[in-house]
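Should a chain be cited, it is by its letter among A, B, C and D, assigned in written order, with residues numbered from 1 in that chain.
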Amino acid sequence: MTTVKKIGILGASGYTGSDLVRLALRHPACQIEVLTANAHAGQPMKAVFPHFSSVALPDLTTVEAADWSGLDAVFCGLPHGTTQAIISQLRKDQPGLKIIDMSADFRLRDPQTYASWYGHAHEAVELQKQAVYGLSELYKDDIAKADLIACPGCYPTATLLALAPLLRAGLIGAEDLIIDAKSGVSGAGRGLKQNTLFCEAGEGLSPYAIAGHRHAPEIEQELSLAAGQAVYVNFTPHLVPMARGELVTCYVKLQEAKKADDLYQHLQDFYAEHQFVTVLDKGVIPATSQVRGSNYVHINVFEDRLSGRAIVIATLDNLVKGSAGQALQNFNLAFGLPEETGLEQLPLFP
Amino acid sequence: MTTVKKIGILGASGYTGSDLVRLALRHPACQIEVLTANAHAGQPMKAVFPHFSSVALPDLTTVEAADWSGLDAVFCGLPHGTTQAIISQLRKDQPGLKIIDMSADFRLRDPQTYASWYGHAHEAVELQKQAVYGLSELYKDDIAKADLIACPGCYPTATLLALAPLLRAGLIGAEDLIIDAKSGVSGAGRGLKQNTLFCEAGEGLSPYAIAGHRHAPEIEQELSLAAGQAVYVNFTPHLVPMARGELVTCYVKLQEAKKADDLYQHLQDFYAEHQFVTVLDKGVIPATSQVRGSNYVHINVFEDRLSGRAIVIATLDNLVKGSAGQALQNFNLAFGLPEETGLEQLPLFP
Amino acid sequence: MTTVKKIGILGASGYTGSDLVRLALRHPACQIEVLTANAHAGQPMKAVFPHFSSVALPDLTTVEAADWSGLDAVFCGLPHGTTQAIISQLRKDQPGLKIIDMSADFRLRDPQTYASWYGHAHEAVELQKQAVYGLSELYKDDIAKADLIACPGCYPTATLLALAPLLRAGLIGAEDLIIDAKSGVSGAGRGLKQNTLFCEAGEGLSPYAIAGHRHAPEIEQELSLAAGQAVYVNFTPHLVPMARGELVTCYVKLQEAKKADDLYQHLQDFYAEHQFVTVLDKGVIPATSQVRGSNYVHINVFEDRLSGRAIVIATLDNLVKGSAGQALQNFNLAFGLPEETGLEQLPLFP
Amino acid sequence: MTTVKKIGILGASGYTGSDLVRLALRHPACQIEVLTANAHAGQPMKAVFPHFSSVALPDLTTVEAADWSGLDAVFCGLPHGTTQAIISQLRKDQPGLKIIDMSADFRLRDPQTYASWYGHAHEAVELQKQAVYGLSELYKDDIAKADLIACPGCYPTATLLALAPLLRAGLIGAEDLIIDAKSGVSGAGRGLKQNTLFCEAGEGLSPYAIAGHRHAPEIEQELSLAAGQAVYVNFTPHLVPMARGELVTCYVKLQEAKKADDLYQHLQDFYAEHQFVTVLDKGVIPATSQVRGSNYVHINVFEDRLSGRAIVIATLDNLVKGSAGQALQNFNLAFGLPEETGLEQLPLFP
């Protein structure tokens, strides 16, 4: 019999927060006790997200007014930069609490890298040292013991699941890695921006943050660890007219005498025991619509027309495996529950 | 402890069939034993629907080659007109089998109405007499005892849940009922048609089957029963550029001295014990995106600018409550399971 | 040889304003001299709308800093409520100027109706009396002589073109008019609102402003004039996931002994000489995608399943015939140019 | 005064053919005399494309029944492989006719390359030798004298406009060219295919034809000519949920001592006199929605995070500059008309 854990969710008025609510409500070991959203404090959740009209939830509250005592875990879905102070305080006040952070605040291991990409010094350097990078499949054991879990960004999750095992195994080169990424619009959040209006983002496609996206240093950090050397990548994201979904097309160089098929075989083996990562049958092309709404990742490897090269493609739902789903997967690992608990939902197609 | 039921799904290569597979795979009392799809017989399900790449399923087979013995229930998601012969045969061969039909073949109680709308005589008139109309909330007790359940069409489900209780209660008039309906494209199925191509259906809206849609007689049949008199309706469906979702805007006349608020109150009371039908808070406007992927129905009532009139609006996911979800809800009723078993998934938003 | 007219456009940073720029740039008798957008003053137009990157245009300026002398006409695409003061001043300063207003400020002939729907007294009542309602096909002669033209709203344009001739001719009843309207998202403008974000408006449909949309009194004003009696309508708009396009499904009662075919024939005759309004061949269903980007209106009439009733459907592009295109059509009429000048673009399909 | 040319369009029932009709109808020197579409012969064009309901056009006919005498030019929008025999015959019967082919049949200069990519020997090798590759900006003079113009594919047009000048000028390397391409769904044509259904292509993204798309040899042919050496490319197209639009993200290596800025400057200079190709202001990111419906191409160059590399991005409307628009541009060149005649339409945004 599963013991129920009491949880709080910081930042429940964003897409990431609300998708966590969706999943946690049906998780047999989660009981949602606290939902914060400062701008909507006092409102019922269904006033902010009417798709929760048919279920019972605590009203939204401010971070300050929330009662954190008695909770087992807190998930943070706050905008980056705002999380460090709040989590520092929480750790002080509620030492036993497991914290699962979905923001970018504790992902970069090096405070200087953080400062140079985010424009200000990290405000919780000591805490940063304790944080475990929450890519479930790669850091399972560390996550199981962690008190502060920094869940990866959506793009890093897809990219690292595709490339880190190949670099670790010395199958691909660490140079000239080109990651052409495509994401749905929910990745930009629920805040009001002109470029995410229906009339601006619909029926069109464009790159953004070319050579300057903040997920690049995160990808480089983990690929460097995997390769055992400093890795730099070209990471070019594009905005696609769909709400959910993310796909990375990775152009890689094969190590000498290696073939695309060696990459395929290695990924097959590597993920054999990981139920959320599926290496598709040979030739089957990953598509974002095939994982929508689920925690699954689809990966495949293709020969390149250029000799000595291969193409590795991975796709996931940016709000689920790219954020709230992986956070819940880490919750399961941290509390010793079966990894898939509450995450069994199959993709919604069409 | 739930006893597991063995089920078969006829027509698993359509959107309705595959959505039933999605739900049944996570239903604790369903074990999928047979999947038919004549044009794809011999193929694994994931070759037809790659979103099932991460789960185990029986291969597709023909209706003829399937082994029906030992099954407890069969769901039919075949195109209308093809189901009558197959079901007749099944009933003969496997008398104990519960049959839950998602096609239109057994919905119309009057064989002549069937013949006039479908262009040929009904081929299983005796069976038709035994069929129970599977609108879960209205015919719960009959469904519990039925061997052949004819699940309603998607439009009738939305319309009847909105209007039948009001007609029964004498709150609205039986004349001049105008139902302006809007549906996503999945309602047209996975077959190849020019008007459902992305470039044709996308970024545009148009009515279709004006004054001639086959869901009209089904709506009229049930509203007539509710009203205790012959009811005719204007039913005008529109095709909307979204995959899932359906919304009916019903323009009704109030009975003398009745107000929109009386309708609201009655629906509130009527659905108090029905967990899948939510009468929204006053003033909250139903939207298809708020029920997507779920078995929930959202309803609300609005005052009209024209005196003596009101507007009743209902929305649902045409593939779930409008088809596969309601079929599973009826399965639960027929086998004495809690009505919501396997249907707890919350709406996927965005 | 056409004499070129110098024009100014107030509110060039909205969708309506920019669509007028698109059309005016290719109009042989328009020379754009002034573009205002207070929040973007000093910027080049292409910084606000990159689709103008390949053409030359004056920089954006404030209303105050603009030089109005020497202009022949001014188009106003400002939000409603802000236009009255600006136009009053302009009329004082530049008496010879023709003013073509695309806002709602001068559409309602009765100042009290204006006050009750817009929440404040009309600030230019005298000017209001001079304004001509700019529905090109119905008020051609008045427009030709007008100095201040109040272009209709997008919904009223579609609705009135469909129904006004039928009411005038006594073919349909003035009671129980139900107008179920559907619009693309651009109708809500380029301002930042949560409900027009891609993730909110995409893949979904919902009604809005039920029984309270400000286009209702405008429709009623003109239908009352056409009918020679007070007309009230049910007008229920819906937001559809497409950028452009609008369609009204009008449920009407036939006058005694009249048939849907009489309506069809009358509209055919009425619009025979109006090149922008096409009554489609019998049975052809109007679709928004068939008029996208153009000034054309498609109309058709259908028999209802309910006897004594008919369905009249009209579709147009809300930014063109529903706004900027009709404004330019009125410009042509006001300056004695062929009505179609600069408006010959065919629909963009797909 | 422009002399009017009589034209015929082969394959008028496809998206390419119909977009040419849209443009040619408003071209001051085009008179459409013949429209063929074998499967729709005898029908009026508006029955196949209702957006032409408001204009006069000849009825559709078969290729065999069409009267080619008296025509000045023929545009071919037939599927590849079917065009060679028809054009051979036409050239024999009507020697004076200018033929502008939008299919792939005459693009590849080497018949063996054709045979290996298209699976059968070229059926008109002699004619192939006479064909001019119709990339307007690069082969202006040849096009002016040509009788048979093979218009480039949509992807090659975007890619070559971005890269060919840079290779010619020795600014980028000929190795390791990676072209990650994204296209709207209209590129797949109006034929019935499961993967272009709304429910399959909508709300999702996936690559296709990985390492095997037939536009690759066409790109390689022209880049090899530009580089003066054999060039091979990685060309990976993706299907994006939008009707029109195409964008290529090209990852290139800089020649020694060259910088992204040198590429930018060279393209600026190169296209200074070409009105349809706009090198955007520095930092402005190309977006498909900014060229929709127009013949414009937007290009820009960005620094890469990887040293020694740059990113060149180009976008166009696949049906206009990528097909029908460029065909008309070539028509203008071939008949000595100003290059922009009939192509002045500005992008439709939103």
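Criterion: contacts are C-beta pairs under 8 Å (C-beta built on N, C-alpha and C of every residue); 3 or more make two chains touch, one makes a residue touch a chain.
Values in this document were obtained by computation on a predicted structure and should not be read as measured data.
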Identified repeat of the A-B interface (over half of residue pairs identical), from A-D, B-D or C-D: C-D
Separation of chain B from chain C, taking each centre as the mean of its C-alpha atoms, in whole Å: 39
Chain centre separation in whole Å, for chain C relative to chain A (CA means): 46
Cα-centroid distance, chain C relative to chain D, in whole angstrom: 36
Chain B residues counted as touching two or more neighbouring chains: 15, 186, 199-200, 202-203, 241-244, 287, 289-290, 292, 350
Graph class of chain-chain contacts, one of line, ring, star, complete, other: complete
Residue ranges of chain A in contact with chain B within the complex: 15, 18, 22, 25-26, 46, 49-55, 186, 202-203, 243-244, 275-276, 278, 280-281, 284, 287, 289-294, 296, 298, 344-350
Chain D-facing residues of chain A, complex: 176, 178, 180, 182, 199-200, 202-208, 210-212, 216, 232-236, 238, 240-245, 247, 249, 251, 285-290, 292, 302-306, 309, 311, 313, 315, 350
Complex contact set, residues of chain B against chain D: 15, 185-186, 190, 192-194, 196-203, 241-243
